[in-house]
Each structure stands twice: as structure tokens, then as C-alpha cells.
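Two complexes follow with subunit A in common, the first pairing it with subunit B and the second with subunit C.
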Partner chain A sequence: MREEIFRMERVTRIERGMVRLEDFNLQVYKGEIMGLLPVNAHGMTAFLNLLQTNLPIRDGYVYYGGGLVNSWKESGREANRISIIQAQSCLVEQMTVTDNIFVLRQGYRQRMIRPGILQSQLEPFLRDIGIDLAADCRVEKLSVFERVVVELLKAVILGYRLIVLNEISTLISSRELCKLHHIMRHYAKRGFSFLYVSPHFEELVQLCGRVAMFSHGRIQKVLRGAEMDEECLRGYVEEYDSMVRAHLESCGAESEKGAPVLTVDGLTCGSLNRLNLNFYAGECVVIQNMDNEVYKDLTGLLTGALRAETGCFRMEGNPVEICGNRNAAVILEQPTRTMLFPRMSYMDNLCMGLSWRMPGVWNSFRIQKSIRKEYGKLLGEDVFDMQLEELDEKQKYQLVYMRVLLQKPRIVFCIQPFKGADMSHRMLVWKLLEMMLNKKIAVVILALNLADSISLAERLVRIGSDGSIEEISRDHFGTLSGDAPWRYLYREKSVKMTDGNVFRDFHKKTAEELGRP
Partner chain B sequence: MNSNRQSLWKRIMGVRGMGAALTAFVGLVIIYIAFGLINPTVFSGQNILNLLRSMSKYLLIGIAQSYVLITGNIDLSIGTQVGMSAMISATLMTSGISPAVAILVALISCLAVGVINGYLVGKFKLPPFIATLGTMFVTRGIAYMVNGNRNTDAISTGVGKEVADQFQNFFYYGSTLGVYNTFWIAMVVFVIFFFFLSKTRSGRHIYAIGSNIDAAKLSGVNVVMTTTKAYLVSSVCSCIVGLILCAQAGMGNMEAGNMYEMYGVAAGVIGGVSPLGGTGILLGTLAGAAVWQTLENGLNMIGAQVGIQRLVIGIIVVTAVLLDVVVRNGEFGKKKKKQS
Partner chain C sequence: MREEYRLKYICNRVLLLAAAVFLLLLIQAAAWLLRFLQGGTGLWQGLIHGAAAGLYGAVYWFWIIVPYRKGEKWISHFLDGYGIPDSREADSFLLTPYMKRQIEMAEKVLKAPGAMDFNKRQAQYLALQNQINPHFLYNTLESIRGEALLAGLNSVADMTEALAKFFRYTITKVENLVSVEEELDNCETYFRIQKYRFGDRLRLHVECDEEDREDIMNCRIPKLTLQPIMENSIIHGTELKVGTGNLRLQFERTDSRLIIRLSDDGVGMDEHTLARLNRKLAGEVQTASYQEDGRQGGIALVNVNNRIHLIFGEEYGLHVYSVPQKGTDVEISVPVVASERQLPNRGILS
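Up next is the complex of A and B:
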């Protein structure tokens, strides 16, 4: 019988009068890598908070390490020995790796800190997982992957039995993700348990033994073994699936592209080495960075934080800067947090990009009325009178993307547009991006993992750590590696194209491949 | 009709910082009536005129600091720019140079400081506290050096009594429509900068960089230029206050404008300008300056000691900031409640 390490039984948690978790049941066994797929993110934060701290619950029980740690009768508010690794680091940036792991923990009793001894204590762990890392290096100097590994090592060394990894694939490159999965499997064999949260089923299937589907504060279903195929998932993402399918079917043969709206001309900066690319009107290109450094450099160039050593971006042959360019827009990752002006009105937020074309927008009621009338149908009349903090997530996404649409740029760079979004918001972002494409705006998606962006893309550009470039057109998306989301649709499409059989059932093909009846 | 009125009221109240500004106005009325009941002289016409005149300086300083605060920065050199402006103009006038030229030179000097502040903060990303602390010492140093480390003689010794009187009357002692010119000058400046902040693209950009500087950059806002504009407004207002002080004293005082930067912060914050940037309207600053001056005036009239005056004003400033924080937290609470 498998040893249970963590269990939540019929847990109901209410926060500020709102039910966050309801009849929530979850079990994690010793040495297991369990997947958690948030179909809908409602209650996800409450769940993670409850994992870390034994907050009061309305109903149910929480067991960890074989004992009852929280129940509806009594909540001690103590912290659980569970580590959560996510975008927000729990390490102190200005301190060294060893200080973070050994010194900053409860029970460290040494008065004199001897770095040499601490480093020698850490070395076997690093050797064990095949990671080369300077133990005396300050955390701020580490790459994101190294930071994740240090957090994981800290959890292992402190003896935490359950380690939660929340949307890690949006932080590190595919190659690094593979390494991380390898490390996780290594520790799983040693009895550590993992809860791996990711919105991408394909990623979970590669790694996890079981996958729990989280929706509206509940575990809707736990998939295991043979149940974990795309067909099963399809039931949960049917609407999204059909939306992507419709988009793919509407994509005709490649038409004449004309002149590029933007050219990347021999751009060199940090890890980028003489990058040459062309982007055309109405085309969606995904730039997948196989290395985190490349991603950082590209993002830095787009946001104006970095300057190119050589080369430049060109529009109509003229060198241009992307940041602050009226013909180009950049949408940062998690735009509802990063792209809004929280202390300005809805209208001010919406018109920020428009003011270049219509300088009188701020004091012309006529223009504002016209915008309200036109966009009210799309965004809702009420939102214009709301304060920004009163908007829900969907309205915030709409606001950011509509602002960009009002600006009428020729090209939009989206940095990980689906990061942190649950299924409904991913669909919304997808639709908004499609709207931009329909308006003949070139959309360039910067991604570490392919995620949903691949479903919109016409071209995939992969930039390696050595600056090498691999371009893959849509027709060849079906040949991408197994963890690429929506791959099945492209394979389906390529089957259609080669066989001429328009509605050939993909499930049959998958079943055949898997050797199932 | 009723619904129209409601929507107008809602629209007015929807303006960020309007609530705080109105609260400050209500507070002003209460304070004024309270002091008036204790000492009816407070209600006298001459006291009101004096009150308006002395309030004008704080209003101008408040506008100066509010602009910078809304961008999320601070200007510690306001007070010393006041001193520099007073000393430069007075020194030039005592040398016989016409007031117009003296004013122009003082204005150019202050604008130069504004540009330096804007570039240090916007372009070179220096923390505004440190950057303007540096320029604060530099400008005070200039104020000292302009006349060889001593206050100037009376300006009438250089430009003659008639011209000096004209200058002093224009900025301080003269009146138009029964109200001192100082008040009218402050009002003109207030209207111009109120319009600039609330109705122009540059004004929106000032709010935008105070609200979210990264998003502003990506939206095409020139952060260096906008920050510099805010510091320039601050310099213009400081220069005018320097001229007012020069006209008031009829000479240049090296220590003129001492601590004025803090009075500017107080006027802005009492009126609802957030020290965290992005929020506030100049109407609030007007109310803040009025509250400040009414308190000072009222406490004087009832014979309170200077210590008590400072103490009361300090408590009010802290309360205003506390209120700002509480309101922000309250809004967050409201948001969560709404979602529920």
C-alpha cells in the first residue's frame, strides 16, 4: 500500500464571504509527482495559501506527513513544511546560495558562519543532481533555472516532504524544464512528493503519474494511467478546442505577404547574435527562446531596458526603437498587473495609446463619447464608470488589448501572453490576439514554452542559446515534440491536407498510435 | 434631468483625488468657522485679504511640489530655488538692472535647475530624493554666492524708489479689484497649470508615469521629457514665490524659502495628492494650502504659540497621509468584496 503524504478531505474555505474551495479532496502519495491542471483558477491562490499555512477552514480536514494538521474544529495557523516554488522567489537575493539554504532556516544555531563548511555541505547535493553552481554566489546573480533549483534543494535539505511547483514552465526554457523534470524524478525516487501545477495538459502528461483537474475551487476529476490522453482533456476544453479548430480551418493557403512591417537587422545583444528576422502584416510569429538568457535579452530590447550592441529594428528601412514607438506595441507578461495605470480612470487607460493620433482626446467630450459608444458594445457600458480596481480580470485583459488596438500599431509584441491565465482567460487572450491579426496587425509572441501561442502562429522561430535560429512553418507544427500543446490539431490538419479527407477523426489516429482499440 | 445630474455628480466624484480635495475644502470651512467663533476678527475683511495673500505663496509652492509628487518623485530643491530666485533678482535690481531683466535671469536660473533635476531623475535614474538634495545644496550655495555671502541692500538703492515700488506693488503690496495682487498671480498660475495637468496630453503623461512608469514607457510616453516638464513647472512656481518674497522684503534674503519644499509637500498631501504618485488634483492643493494658512492664521489669532502651530500642522499632515493609505486599503477591500 502506498504511503500517503498529504491529504485534503472535504475542505471548504471561505475568504471574505466568498467560497474559494468547496468539498476539496486531494491526496498525494510518497514519491509521487502529481499534476494539477487549473481549468479554472478560482480558488487556486486559496489552495496554495492553505498548503503553506493552516488557515481556518469551514469544513474538512488536512493531513500532512501522517498527522492531522488542520480541521474545521481547529486551525493553528502554523506554517506547514511544504515548499512552493513559483515566479515569486522566497530566497533573499542579496545573500549567497549557502546562506539562503543553511543560515536562513529555523533551527540554525551556529553563531559563527563558516562559508567553507556550508559549501562543502552543499556540494554533495549539487553533485547528486548534476548541477554546476557556485555555492558562494549571490542569488541575484543566478539564472531563473538556478534559482528554482536552489529553492528545490533548500526544500530537500530542510526535509520538506511535499514540494509544489507552480507554473514553472513560464519561467524557464524547454531545455531547462527537461533538466528540472529529471531532478524531480530523481528526488521522487528518494521519496519526495511533488505537486506540479501547470495549465498545460501536455506538460503534465510527460511528467506526472496522476493529474487532478482543478475547477471552481474543486477537484473535478483525477486522471490516471490510460485516462490521461488528450481525448479525455477535450471534454474540459471543448469550447477552446473548437475555437482553435475553427481558426485553423479558416486559415487558407499562404497569400502574398508583401513588404515586411518590421525587420530585425543583424541584432546583437548579450546572447543574441546577429539576429535577422522579418515580420509581415497580419501574421502571427512565435519566438521560442530555448535559453532563458536569450529571452531576457529580447525582452530587454523590446522594453528599452537594453540597447543593441550592433544591428537594429527597421520599419520601412529606417532604424527604429520598439519601446515608445507609436507603430509598435509591447504587451508585457501578466498585463493585468503590469500594463495598467491603476490610479487613472478607465477612459484614461483606454485612450493612452490613442492620444498620439488624437491629441484632443483628453478634453474632447465628443471623442470620448464616440469611443464610449463604439467600444461600449464590446466592453460593456458600465466599465467606463468603474474604478480600475473594481474591474474583474477579464475586463482588465480587454482594457489592455483594446488600448493597443486603439493605438493601431503595425506590430504587437506579446511577452508570454498566456502566463498566469486560466482557461477562460486564455481563451479571451486568444480571441483578442486573433482580433489583432484580423486587423492585419503583425503579432509576435515571445515564449519560453509553446503553450497556446502555437495555436495562433503561422511561423515558429526557435532561438538557441548559441544564437542559432530554426524556423518552422505551420505546416510542420505537427512534427513538433510531444509536449507541444495543440500539436494534435496540426497533425490533424496535415492529415487533411495530404489525404484530402476533410473530417477524418483525429481520435482514431491517436488511438492507433497508442495501440488502443 | 435628475439622472443627468446624478451622472455629472458621479463623474465629478469619479475624478481621482476629488474626494480628498472636497474633504479638505469641508475641513477648511470647519476650521475657519471654528477659529471665527473663538475670535470674530478672523471673519474681518482685512484678515480675509491677508489670509488670501499669505495663502498664495503656499499655493504656488503646493503646485510646484504636487506636480512632482504626481510623477512619483519629490523636489527638495524648491525652497532653495525660492531663495536663489529672490537673491538673483534682488542682487540684479540693486545693481540697477531693470526688474524685467532681473525676473528673466531669475526665471532662467530656476528653469536650468528644473532641467537638471528632470534629467538626473528621468534620464540618469537617480533617486529623486538624492538628486534634488544635491541641487538643493547647490542652489542654496548659489543664493549665498550671488551677493558675496550676505543679504542684498534694498532694491530701491539700485533701480530707484519708483521702480522698486512698482515691482513690490506688482508682486505683493498692490491690489486689483480689492484683492492683493499676490493672490491674482497665484490664481493665474493655478488656472494655467490646472488646465495643463487636467486637460493636456502632457498632463495625462504626468499621471501615467506616476501610476505605472513601465507601462507609460511602453505606451510611448517620453519619461525623461515628462519628468523634466514636472520639474520645470516646479521651478517656475518656485521662481515666482522667490520674486514675491523679494517684493515683500524689498531686498534679497539668503535664507528665503527655507523649508518651503516641506510646506509644498504638506499643502499637496493635505489636499489629497498622493506621495506615492499618480493621484491628486490641483484643486486639492488649493484646499490644502488654504487649510494650512487658515490654521496658521487662526492659531495666531487665538494666541497659540509657534510650537503649538507646528504641532497641529504636523498632526494634520500625518492624518492626511494616513487617510490616503486607509482609503487605498479600503479600496482594495472593496474590490475583494465586489468580486465576492
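Up next is the complex of A and C:
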């Protein structure tokens, strides 16, 4: 008999007149790792809020640990003992790991805090999962992975029976993700339940027993057993699949690249050690950071937060800075939140990158009118008269990327462009990046998780924690490890190519035999 | 001004008056305290008036406003079509004795055995409709004839037996709750009949947790729960699909619930249709006139769902999951009941 830990029974939640969750059904069993795939993320925040707090609901029932905790009749607004681990940490900085786990909890009644005892209490838990971590370390000094592990341990020690992990793969490297999965499986065997939210089904297939597809505030389907086959799951993302397939088919053989648009010349900074790379026009390169520190250093260098110890970026042989350079653009993580200026109009936001090419853009109605005319077809006529708060997520993504396109840079660095995006937005970002490539702009994607990026890439550059570099060209993507997304497409492609070669060889041979040219 | 805040409603007038009294008490308290602060007397009067205001506010809040809001939520939930709440829950917020009678009357009408009878009759009607459905009969008899022509008399006998068994179960069984085993048996009989029509194009897989098999098979569920859903899956799901259709019937139980899932890998439905169907399933018990729009599809599901709501309560029922071109899952959730005597609401079965 299966024990139900959490259940939502046809829950409807309305926030500010908008239906966020509608007839939402979900159950999680004891010791289960359940996946949640946001095909469309509308309502996801409301769902996560509702997990943590028993907010008023319009209809339905919420059960946790066998008891009714929330219903349309009565919502106590009290917090559930459910932990949500996500980008935003719930640990208190300036305090140690043990303080966060043991002291900052309800029911801690000791008047004297004895760090030694607390550390010895934490020790067996760390040993159990094979993690080497100083219990007296302050939270702000922890790496992201360590922070995630500490939050997970806190939930386990406090006896939370359901732990939610929201898009963790965008926070930590692949190697760390493997370790985390191992820890999760370990605790699942001990009866803890997990809800693992990720937009990448390759990740979910490897880890979860069941996967619920979340769309428009409803659970569209729960996949289990034979349906969890990767081949079968791929059918659910058919549109995306065919889009990538078409792109790969349109990519011909490698042509002459010409001179690089940007050269990274012996760059050293923090964990980056003498990094040498070349980027060419119209080429997409994915830089996968196997370690979180490398990722931090690279983003710091691109955004101007860090300075190179030695080496530099070079354009046409001249040393340049990326930050503030009009020939280069950086698209930050979650750009719809970090790169838009809500007090400025749509047009001002759009033309921001254009002013260096057309200084009169702010006063010239003629230029603005022609931009409106040209981009209205792509973005829609109405958006130009809308306030920024009125734009939906899709329109915001379009605005950011179109701004960069208007700037006409020679190279664009995208920091985790697919982070936080649901399936439909990932497809949109993918198309926008493809548009940049078609305009012969070099696109460099900084990623922790390969997921969508690999489908656009011509080269994959892996930077290890020791600064070592491994470069893999598209022809060899089929040989990437089993969990690499879109690998099957590259394998198909390489098989086709091999078949093509065999076919060509056969024709050549036959022609020779027949004495034809 | 928003409609619900207008003074034409008595509740708003009462609220206004109460707020005025509360403010008056507060002003008096403040005036006395001000007098005291200016060097005069009045500390005690100020404190007494303040305490009276606090007490009045607290009593008014917990005694009047909180139950009133609860009542408002209860009624709006009903009016928005989210089901019929239990009238016993209304005791804490009754406005007048007449309101109590009014609520009881509404519940009596909507949850009366008559409503159950209506749904039962409808379930039988749906099943009978199949029996007299010319296509159903034609196809079945055609299959029998074909089999007879091809000589295998055993299969003709088998088919006829299946048909008879199915008719007998549908028509003669008068109990309201039957065991899962009986329902499953009827489903398999129905499937056998359909199999003669679809041949290898249709497959049924039954899955059950082995350790709980006995428990699950003894659980009681409303009669004609599974067969209408299976029929729905065949007609709207697998029949329209090119190639082999698979039906998967899964049983599992938790400590308090029995979950039956019927999945097909048919054509599925779009998000909008799915949302509309689930809304229908979550909504109130529908009357005959309301159910007319069931002609658009899903009437069998709504009927099964209504009977589950009426017998076991609104926490249980059906929920549908579907993805276009991938298939549909219908999940039935009922409490674990081994005998009709365990039902708090067994009067409805009579």
C-alpha cells in the first residue's frame, strides 16, 4: 500500500482576478521522486506559494501528511512543513551552517548555543551523504552546491517530508547535479519525498519515477512506467524537436570561418587559467562550466564586475573590454527581469542599443516611426503603446533580444538564456538566438546545463574546475554522455552522414567500374 | 462604488453602524485621555472607554464578521458552481432561522435520493442505450455471423455468452455498490465483446499492486463505474486512432483512497476541451436540464462523477488528464469502503 504524503485535489486558486491554478490535481507518495515539467509556467509561482503556505483557495482540498491542511472552506494561512530549494536561498547569511540548521528552527529552546555539540550532531548527516563541509562555515562562504545541500539537510533534519527542488540544474554544474541526484535517491529510500521541477525531460527521466506535465495552471498528464521512456517523452515536445531538426538539417558542412570576431587571449582570473578561445561570425559556441566558480568568474568578466589578472579580450587584434563595448552585447540571466527598465517606454527600451549608431534616435520621430514600421510586423503593432508592466513574458523576451539585434553587435554573450523559461519561452529564445546567427552575429552561450543550448551550438567548450579546456565540435556531439540533451539528433545526423558517405563511396566505385567520370 | 459595498444591502448598513459605535467609543477614550494628559482627570474613564472599544471590536470581529464572511464564502462557492456544500457546516453562520430552513431545503432538493435516482436511471439508460444502439447491435451480430460462417462454433458461443453476461449485469443487478472484482469482470466482458469488433486493434492491460490485490478487489464502488469510462475511452480515444489502441486499467490504494486509472493511447484532447471537462466534473450535481449540454461529450463521465459525489462526498470523483495525440487518463478516486455500512451517507442508496 502506498502512503500519500501530499495531495492537491482539484484546487482552484485565483489571484487578483486571474486564475492561477485550475482544477489542479497532484499527489506525491512517500519515498518518491516525482518530476514536474512546466510546459507552460503560468501558475507555477502560485503553486509553489501554495505548497509553502495555506493561502485561500477558490475550490478544492490540500492534504499533507495524511491530514487536510487547506480547503476552499477554511484556509489557515499557516506554513506547511515543506521545503522549497531554489535560486533564492532561505539560509541566513552571517550565520554558520549549524546555526541555520539547528538554531533557526521552531522549538529550539537552548539558552546557550554550543557550537561543538551542534557540529557533532551535523557530522553523521554529512558523513552519511559523503559531503565534506565545514559545519562552522558561514553561509555566504558556501558554494551554490553546498548551499543547496545544506538546505536539503536542514529539511531532512527538521523532518520535512516533502522537499521541492525548483530548477536546480541551472544553478549547479553537471557533476554537482549528479551528486545531488545521488543524495536525493539516498533520502528517497529513507522515506523522504521529492518534487523535482525542471523544464528538461532528459533530467527528469533519469531521476524520477513519475513526471507530471504542468501547463496553464493545470496538470495535463502524469507520465509513469513505460511512458517515461525518453523516446516516448520526446513526442510531447514534437514542435521543438522538429524546429531543432530543421535547424540541424539546414546546417551544412563547415565553411571557411575567416578571421575571428573576438579572441580570448590568455585570460586569467580566479579559477580561469590562461584561457584561449576564438569566436567567429555567425557561429554559436556553448561554454559549459563544469564548476560553479569558473561560471562566476566568466560572468564577472563579461559584466565588468571582475578584472582579468592577465590576458584580455581582443577584437581585430586590439585589446577590448566586453562591458560597455558597442560591438559586443551581454544578455544576462533571466533578462526579462534584469534587463528591462519599467519606468521607460517600450520604444526607449528598444532603442537603447541603437543610439551609438543613430545618435538622433531619441528626438527623431522619423527614425522611431520607421523602427515601428519595420519591427511592428515582428513584435506586433500594439506593444509600442503598452506599458512595460502590461507586457507578457513573451513580449518581454522579444523586446530584450530585438534591442540587441538593433544594436548590431558582432558578438553576443548569453548567460544561461534558457534559465527560468518554460517550454514555450525556451522555443522563443531558441528562435531569437537563431535569428542572431542568421544575421552573422557570433553567439556565445554560457551554460551550466547543456539542455537547449547544445541544439544551436557548433562547438562546445568545456572548462573544468582546474581551468582545463575540452573542445568538442558538432560532428562529435553524438558521442557526448548519455544525459546530454538532443544527443539522439546528433547521432541520427552522424549516422546519416556515414550512410551518405557510404552511398557516395558506392556511387564513386560504381562509376569507376563503369568508366564514367 | 462596487455593488457589494452599496448601502442597499442590510449587511453593509449593519457594518456601518457597528463601525460608527466603535469609532465613537474610540473618540471618547481619546478625549478622556487627552484631558488627562492636559493635567485634568479622566485616566480611568479613558482606559475604560478604550477597553470597551477593544472588547466591542473583538466581539464584533469574532462573533459577527468572521462567521459572516465564512457564510459569504460558502454561498459564493455554491453560486459560482463549485458544488453543494454540506448544510451542517452552515450552522456557524446562520443569519435567521429561515435561512437555515432555506439551506436545508436547497440541500434536500439537490441531494435528495431523487437526484441519485436520476443519475442511476441515467446510468442504466446510457447502458441500455448502447444495447439498443443499432451500431452496437449490428456490429456485434455481424461479428457473430462472421464467426459462424467461418465455422468456429466455440467462439460464437463465447461471444453470445459474453453479451448475455453483460446484459444481465447491467439490467438485473440492483445493488448500488458492487465490488471492484465484479466491476472489473463486467469490464472484461464488455471488452471481450468489443474485441470481436476491433480484433487485434484493441488491447487491454490490467495492472494491480499484487500485495494489495485482495484488498483492492474487495473494495466497494458504485455499479457501472468502470464500463462507461472504458466505453468512452474506446469511442473517443482509441477508435479514432490509426493503429493499435491500448487500454490500461490500473488499480492502487493508499491507506484511505482507492485510485483507479483508465488510460488510453488514443487521440487525446486539446487543453481547452480538457479544462472544460474537468470544470464540469468539479462543478455541482447537475439537473436534467443542465445535463443536456452533455451531448457535446463526457456525459458518461459526468454521470459517474455525480454518483461518486453523492455517495462518497465531493472530495472524491473523477479527474481527466490528456494530451492531444498522446492519450487520455481518467482517474477515479473513491474512499476505501469494504461494506455499505461504512458509508456515513448510506441513506442515499436506498
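Just so we're on the same page, the second predicted complex is superposed on the first by the 497 of 517 C-alpha atoms of A that agree within 3 Å, B and C clash if a C-alpha of one lies under 4 Å from a C-alpha of the other, contacts with A are read in each partner's own complex, and residues count from 1 in each chain.
Criterion: a residue touches a chain if its C-beta (ideal position, glycine included) is under 8 Å from a C-beta of that chain, and two chains touch if they have at least 3 such contacts.
Keep in mind that this is a model prediction, so the values were computed, not measured.
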{"item": "Which of subunit B and subunit C A:Lys221 touches, first, second, both or neither", "value": "second"}
{"item": "Touching partner for A:Arg2 - first (subunit B), second (subunit C), both, neither", "value": "second"}
{"item": "First, second, both or neither for A:Trp72, with subunit B first and subunit C second", "value": "second"}
{"item": "Which superposed partner A:Thr338 touches (first subunit B, second subunit C, both, neither)", "value": "first"}
{"item": "Subunit B versus subunit C as contact partner of A:Gln52, first or second or both or neither", "value": "neither"}
{"item": "First (subunit B), second (subunit C), both or neither touched by A:Asn363", "value": "first"}
{"item": "First (subunit B), second (subunit C), both or neither touched by A:Met213", "value": "second"}
{"item": "Which superposed partner A:Asp23 touches (first subunit B, second subunit C, both, neither)", "value": "second"}
{"item": "Residue numbers on subunit C that touch subunit A, as the complex places them", "value": "70, 73-74, 77, 80, 82-83, 85, 89, 209, 211-212, 215, 252-257, 271, 274-275, 278-279, 281-282, 315, 317, 319, 321-323, 325-326, 329, 331, 333"}
{"item": "Touching residues (chain side subunit A, partner subunit C) in the complex", "value": "1-4, 9-10, 12, 22-23, 25, 29, 58-61, 66, 72-74, 213, 215-216, 218-222, 235-236"}
{"item": "Residues of subunit A defined as touching subunit B within the complex", "value": "15-18, 303-304, 323-326, 329-330, 332, 338-345, 348, 352-353, 355-356, 359, 362-363, 385, 387, 389-390, 392, 403, 407"}
{"item": "Touch list for subunit B against partner subunit A, complex", "value": "10-11, 14-16, 199-201, 203-204, 207-208, 210-212, 214-222, 274, 277-279, 331-332, 334-340"}
